[in-house]
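For reference, chains read A, B, C, D, E, F, G, H, I and J in written order, and residue numbers begin at 1 within each chain.
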Amino acid sequence: MEFLVRIEIARPADADGATVQALIAREAAHAATLIAAGHLLRLWRVVGRWANISIWSARDGTHLHELLTALPLYDWMRITIEPLAVHPSDPGASDAT
Amino acid sequence: MEFLVRIEIARPADADGATVQALIAREAAHAATLIAAGHLLRLWRVVGRWANISIWSARDGTHLHELLTALPLYDWMRITIEPLAVHPSDPGASDAT
Amino acid sequence: MEFLVRIEIARPADADGATVQALIAREAAHAATLIAAGHLLRLWRVVGRWANISIWSARDGTHLHELLTALPLYDWMRITIEPLAVHPSDPGASDAT
Amino acid sequence: MEFLVRIEIARPADADGATVQALIAREAAHAATLIAAGHLLRLWRVVGRWANISIWSARDGTHLHELLTALPLYDWMRITIEPLAVHPSDPGASDAT
Amino acid sequence: MEFLVRIEIARPADADGATVQALIAREAAHAATLIAAGHLLRLWRVVGRWANISIWSARDGTHLHELLTALPLYDWMRITIEPLAVHPSDPGASDAT
Amino acid sequence: MEFLVRIEIARPADADGATVQALIAREAAHAATLIAAGHLLRLWRVVGRWANISIWSARDGTHLHELLTALPLYDWMRITIEPLAVHPSDPGASDAT
Amino acid sequence: MEFLVRIEIARPADADGATVQALIAREAAHAATLIAAGHLLRLWRVVGRWANISIWSARDGTHLHELLTALPLYDWMRITIEPLAVHPSDPGASDAT
Amino acid sequence: MEFLVRIEIARPADADGATVQALIAREAAHAATLIAAGHLLRLWRVVGRWANISIWSARDGTHLHELLTALPLYDWMRITIEPLAVHPSDPGASDAT
Amino acid sequence: MEFLVRIEIARPADADGATVQALIAREAAHAATLIAAGHLLRLWRVVGRWANISIWSARDGTHLHELLTALPLYDWMRITIEPLAVHPSDPGASDAT
Amino acid sequence: MEFLVRIEIARPADADGATVQALIAREAAHAATLIAAGHLLRLWRVVGRWANISIWSARDGTHLHELLTALPLYDWMRITIEPLAVHPSDPGASDAT
């Protein structure tokens, strides 16, 4: 099952630059793992913001919740998700879950 | 350049069933053409509504406008779009445009 | 997987009373089938409106879309859904799907 | 009488990890008591957030207010509630109050 | 249990003046009955609109739904309600239900 | 003239428990004075929040502003008001102002 | 007491030009009467819309409701109002009411 | 003085194709006049909608209102405007008014 | 040209009482100057809030921006403005600018 | 491709005046570079706020994201953008990109 996920990230006022850089690096490494596992299918930046839009594949809402709460930057994120239903004309349905 | 497109479709009160079916058939055929041309990359139904969410590839906003206004069901659609920026971790960037 | 579903129903201006009553009767019968199949778990009226809130169990978003679009009153409905994730303290998780 | 309850939880910036863990533990124990008493009927996580959706049974709004303000994490919660009316087709009406 | 009720009324385009006047007269008579029964406690007009704000006393949400759907102008109304909890400093708690 | 008043209260992060309790006590005493003077007619808690809904009687908007800004907890309150017009069917019009 | 009033006007689809012109003429004449009586203090057009913003003086909300519902174009109007409180620095308080 | 103007256009259900085409032609001719007069400085389509965003130069709000209400398609338009203030770094301030 | 201006004022958490009183005094003196210059035409308090609604006369948006940013309390204000167009029936058009 | 960009700027509570002035000076110098490169086409202040509205020319959303995140004040900005499509009647299409 696929989901549209929208994530806004806010840096806490007291986070120093080194902490931020380290978390961003861990986030990128974590994303690679999610991609390899077939859970993170597409990922875009939202123009002009520290935010992204992405397409995920997960077994269900509970599985997606587990994947999202395991993100290194999760504590700084505000996440909204939207479940997607298969469209018969979709050219790129993913099978990985 | 890729775009997230959200389309709600409303059937006019005076549209008869045959007209609706014909338009839906034309819409599906048109979608196949857009997919073949590399413009329509993904397409999902919104659960419980006559609506869809899709990922498009177009040269720019003007090009996307031309593609959307040429849809057979365009007159019944309410469309909102959101431009997407490339994310370095994106596993599936499209090159077709 | 469970979903929270909110449905507002609007009677078309030109629907006569007999049509409305027949559809409501079909809707009730259809609900009984969905309950027997384990898909419709709970159902409440929204106070003061022709609207309801319900809990559904479906395999995924695509399955829920099929269930909702098959409702006899679907054409008069405006539906919004929200996927639910399992909470470890939930006393009444459903297994039927 | 049943209610749909939506709770968003925000951890204060100055709360240390031990305090948070202790409160979460107390919250889970408290939930078990509410379930045993027939007040908390269902409980789900909202995908991707520290938030939940739940179904409660209480004598009236005043009773529900007492139950909610007694939650261990109440001071960190932002709560919205919606009263529910019985639907004749509901398969699972609760009698516990 | 008391509720705050907000009602906007819209006259259908095809309702003639006599029908409107008859319904308004029935609505006023119906209001008198609800007042006598202790269900409608206060009633105000919203300045500049065909709308009102009112305080109701009902056993629960289901009872309030029955009372509201029995209003003569119900089909033209858009109703939103909000449950109220007893405040210890309230000077005028009603006992009628 | 009557007004519907909605008040959300937020405790500042640095307010200690004794200050809060003292203010709440003053607020209750102040409410008794307002009730005796015929200005505060009804008062309810909003279920699940530190918030209330109330009905006030004041000479006009300026008078109501004076009454509200004199509340002991005013600095922590976010207040919205709505003027009410007399409805001919209202069972409980107040005369006190 | 003064009020800020915002009025959006929508012409019904079936209103012919002569009816519209006659109503607008009656509205202007009516406005002159309200101005002479000291009730309509200022009146502006909203740029680009058939809408206006105005300042009224009335005894209270009930009085303002009577004044607004007597407007010739009232049936086509959507009105929202906001009560105003006297500011000690206001250069132009009106006394007429 | 410059303004940002946003216009959504809705074709009435009963407008035939010839009327629409004639109005669109008149609108284009009218736009040319406004451009020549230095009032319409920029004009873009909103992607996927019959809507546009534009920059206008007018003496003040009253002048802009006259210019907008004179548009051939004005009766089908829903217009919102926003006044703009000069920014010292603006590379392209217009002088025409 | 006239404008409707709405200002919400928020006191920073670390502002001491003396600073606040001094700023309020400067604000009142400044208002007197703006009134004498014909720029601030009317000024009301918003009932129940530290906020006001006012009518201004300025040459254009740039001029109004200069006037507003020069207010002593500007740094604590959240301001929204709306340009007003002359209405032929307005009884009180100002000429001062 | 052109974009409409809206930027609200918020000064952090702990930023001292010298830091703010230095950043504003860098921002102005940076704007001059963007103008010379043909990326920043128009720039206005939003009346009464530390905010601006601007027109940008960039190759696509990714390019615009790079331009915006390089702004000296980016960390204090909240940015929303809207892609613009060419309108055949536009008098001032830019070619620079």
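Heads up, the rule we're going with is that a contact is a pair of C-beta atoms (placed from the backbone, for glycine too) under 8 Å apart; a residue touches a chain by one contact, two chains touch by 3 or more.
Owing to the predicted nature of the structure, the values given are computational and were not obtained by experimental measurement.
Q: In contact with chain G and with chain I at once: which chains are those? Just list them.
A: Output, common partners of chain G and chain I: F, H.
Q: Within the chain touch network, how many edges lie on the shortest path between chain E and chain J?
A: Between chain E and chain J, the shortest chain-hopping route counts 3.
Q: Comparing centres built from CA atoms, which chain ends up most distant from chain D?
A: When every chain centre is compared against chain D, the largest gap points to H.
Q: Count the C-beta pairs in contact for E-G and for D-E, then report the pair with the higher count.
A: D-E
Q: Could you figure out which pair among D-F, H-I or E-F mirrors the G-I interface, over half of its contact pairs being identical by residue number?
A: Interface equivalent to G-I: E-F.
Q: Report the inter-centroid distance (CA atoms only) between chain B and chain E in whole Å.
A: Using C-alpha averages as centres, the distance is 45 Å.
Q: So the centre of each chain is just the mean of its C-alpha atoms; given that, what is the distance between chain C and chain I in Å?
A: Spacing between the chain centres: roughly 51 Å.
Q: Where the centres are mean C-alpha positions, what is the separation of chain D from chain G, in Å?
A: Centre separation, chain D to chain G: 47 Å.
Q: Chain A to chain C: how many Å between their CA centres?
A: Computed value for the inter-centroid distance: 30 Å.
Q: Can you list the residues of chain A that touch 2 or more other chains?
A: Counting only residues that touch two or more other chains, chain A contributes 2-3, 45, 47, 61-62, 64-65, 81, 83-86.
Q: Pairwise, which chains touch?
A: A-B, A-C, A-D, A-J, B-C, B-H, B-J, C-D, C-E, D-E, D-F, E-F, E-G, F-G, F-I, G-H, G-I, H-I, H-J, I-J
Q: If you look only at chain C, which of its residues touch chain D in the complex?
A: 2, 4, 28, 31-32, 35, 40-47, 52-53, 55, 82-92
Q: Could you please specify the touching residues of chain J with respect to chain A in the complex?
A: 3, 5, 12, 14, 61-62, 64-65, 68-69, 78-81
Q: Quick check: in the complex, which residue numbers of chain F touch chain G?
A: Against chain G, the touching part of chain F is residues 1-3, 60-62, 64-65, 81, 83-86.
Q: Quick check on the complex: what are the chain H residues that touch chain B?
A: 13, 45, 47-49
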